[in-house]
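Order of writing sets the chain letters: A, B, C and D. Residues in each chain are counted from 1.
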């Protein structure tokens, strides 16, 4: 249920509503809207929720049930676009922000070289994997904490904030020491232990859609993080599994406008995984921005053929420059910058 | 197999190769490329195809097997973009062409009103169904030949060529009398009897991807039409079936750049079916153009809520105008017009 | 809407209801049930259907709307299992019937050899393709009418009725001359022109599920045939398209009990296409029968490796004998014969 | 790579091969086969693997590369069926074993009542969730450790071993104290941190297929557990996500024979999740056994309509008895017991 306060509601009226929510056994979350403060009630309690109990309180404009399973992620609770701070800009604002870097951090030199190159081309943040979720136990699993240290060095050199994946809930505190954004990968989208740990960390989270997750599943997963009071969540469409085998996954472009209409959270796209073919990453990137994506996350590599992982979908540094220019043109065509 | 002639090959040398192809029991198709004339060999014969038999002939630059199952649809046989004439423009050229109209032709007045509106907004051709493939035998099946006559009247009034679906191979000749472009719908993409009839008609064909067809299946279906010597074929991505239920189908945006790299045929998108939600048709349209689509086919209706079919995905006439402007801006951003 | 007559309703009362249905512009179809005669109303008319208009008539037990889009195919209209005559037995009765034969009729000798072998092993009918739907226009398309003649000869020799695919609505009358059962293939499940022609023919129809058709779509397609008064329809689960690539299609076993609960039509399975790997066809066949399938349609070949089509999924004649014995054991375990 | 020793190889010859494997930087795993001891080499090392280095050693019959990504899970490494001990029987042996119980452990009384009932009906083990992976953070998440204690009490009363899900790698040691089998759920199939923790625990593992995981992905996930030397792994087909909405998931029956041919691990089925409709769970169970499943895991509840989770797919206790009898008959038809 959400309770929408009148635009001129007094602080006391708002705190009275919050007090009532809490005394009924629910948790209250606050959001601002053009209409007035919105109070979202979530959690479980034996006290039934009754709309009339709230509409009769002073300062309350209206109260209504949220039909969707996700509450804090919904537009009903938070009508305005959320903006997640990133390197002095905000994901979710006018500028389309690009996060770029290698699939895996392979060496100190490699990550610093790439960081410098993507910064020059206009990227806002650096991605790079230190802990890699690999289908095979015998594949390269990432450099672990050493990789995180190299990422932190690359940040020092370039000023780019670091986006990196965490897979183990027990390692969330350690990864938070090095990373600016915790990435939760597609395979872990419904790893609820990890979602809870990421929520509790109060660190910025980039949550990728599972390869067979519906749009609703994705928003429910985001709700796990939000329920801990952690509002800095970006969600990412990265391709779903279908019968088509010409591409690695099927980029669900539809998800972008649908997500933007259902949630206030920033929505980004991962064209590298979504198509899996480097020669077409640019086309998918441009399409994502044309459809309303707030940002992109892209795999780049100085020598894609020699990459330790995901070489087939990594864009070479020179091609990344061109891609950025083309994305910028599309961003302008849709009234944004990049 | 394809045989690529030298740029300065003499007519006699070309016709000698063609004669050899025919005497071996194969059919020869011709295409022009920057390199020189290309001769494509298709069909079945007891004579095995031997590359060396052709490379040794005068005027031949090289000969090679085409690995893909489709031959005439491939870039190997026809490296340049094919251009299909439409209303004085060409689908496959710089200008992004838009085909618009109602799902079903509902009445003479309706189709003329819509034709005038979409023309004014910048559409190049008029769509409208007279024979409707409906899941239920009890749903409205279209006005049949009367619908075709109304479409022809709308063409007279506006000059817009008519794109309409044909489902019955026996009706291809009749539909050709009224329509400029024969549409083969998703449910009939592998109706080989219909594909053969459309190929034989030598009429322009708009072939939609089946909802569970791979990109290769789609190109093989186009090959059926091309094998009859009918080169005026446009192919259309219109959404595939996946587990996602928030949208009617899943628009396979990836298919656009992949198709453009594998075939010379014009590639268009059908955002109306692909997402099935009118409020998001514009976003998908812009994305398709950003990804390289040569054209769009869109459902519009003066009063979508009252449409006899597909109302949920039909765009209102005023919204269509805005959509056209936004598509134009994206087209310019990718170096095209619209 | 269906109108259920009382068990002791008089003939005059039934004909009065039918007369009222017709005068309202609808078509009446009749079915018998334990409760009494059921009259199904289908079609479109400007006269609104009103339950009360019928419940007040003499001899009427009750009237109710059928929620599903399919009416004549539903259990509501026809509570008892329909039985479709086949070679002295009935598909839909206790005995599990097996239709077996090659993918394509390759020669007179081949089809007669196979017919004799499958008959000896216990098959009830012979399958074999004379018109083949092939993804590529350059693949073997079947022997056409000559293939039908060979099938008819095989029937003469063995007494096995012939099941063969028809793809062209214009050829339905010709195929009916040779075949006992018209097969409508997966790619044509929503070829409504063909469904109408098959319905009008009043010939027995075997309708395969499209590879991306829902269970509801399949029953709606059957409804097209039934709406012509042709009640001899069997429906067939033959595998759907999913992301799994280890098998040719994904056999939707769930569909068997779901279909049996929603429709009275016999439900059969096509393990050959559904898994596409001959070594596993037996396991799928046994599972289908365990789940309640009324019959099986199977591809067998004397020399699978040399088959002109579908060799990978065709079972050798000796293996077919063993398969039949194993299927029989499972049939007995579920209270049926085979 | 695998090295197959001669049947009469001496212990010294075997240990020499193992020593060579280790000195090259690989890990050696052993399996017995009818041919002789098989030594599997896994892991990463800078020393390239060379077949000839091993075939030339005394006592070696042959050495070969394993093409599949999974090594220890493959039939090549371990040709015989693995048998996993469970309550005095073995999963993977002739008897089809049934694991049954509620979705969630709801109370001490509930789990003991159900344990007694399923034992009487013939179940071999008890399932019940104490930690529940729920799509919504606001849904009942299970009773946690208290639930585990109740499960342990139910085991004391009935003697049935306990199968329960673990989601948090940090809780693996605690869950091992109470449970006989660690279940890893579909949403965590590629939670590699959890797979490693389960492998290290040396506890029996029941690994469910992810809802969009291929058969190969599933075997690779099992390989993570096996790579820790933990050989007690059962794998479970529980339905995949497809476009069909009439059922909760699509039971991939094909996976059963395909898995049985590719791996030596016991393969079980979860009909409850795979179809999601209690009235059809029996049909799917019988089909799974007919196709070769070694066991079943089923949700039962004394009052399905009142269940705290998964009520729609839980079978009532009386129906479970009937189901067991019918499964038994099918098991006998395929030469097994149940």
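Keep this in mind: contacts are C-beta pairs under 8 Å (C-beta built on N, C-alpha and C of every residue); 3 or more make two chains touch, one makes a residue touch a chain.
The structure presented is a predicted model; accordingly, all values stated were derived computationally and were not measured.
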Exercise for review: Check A-C against A-D and say which one is joined by more contacting C-beta pairs.
Suggested key: A-D
**Study point:** Chain located farthest away, centre of chain B as origin (C-alpha)
**Key:** D
Practice item. Please work out the Cα centroid separation of chain A and chain C, and write it as a whole number of Å. Key: 49
Check your understanding: When the centre of a chain is set as the mean of its C-alpha atoms, what distance in Å lies between chain C and chain D?
Key -> 37
Exercise for review: Report the inter-chain centroid distance for chain A and chain D in whole angstrom, where each centroid is the mean of the CA atoms.
Suggested key: 34
Exercise for review: Could you list the positions in chain A whose residues touch two or more of the other chains?
Suggested key: 212, 240-243, 245
Point to revise | chain A residues touching chain D - in the complex, by the definition given at the top | key: 42-44, 69-71, 133-138, 140, 167-170, 187-188, 190-194, 210-212, 217, 220, 223-224, 227, 240-241
Review point. Once bound in the complex, which stretches of chain C touch chain D?
Key: 212, 214-216, 240, 242-247, 250-258, 261, 274-275, 277, 279-280, 283-284, 286-292, 326, 329-330, 332-334
**Study point:** Residues of chain D defined as touching chain B within the complex
**Key:** 241-243, 245
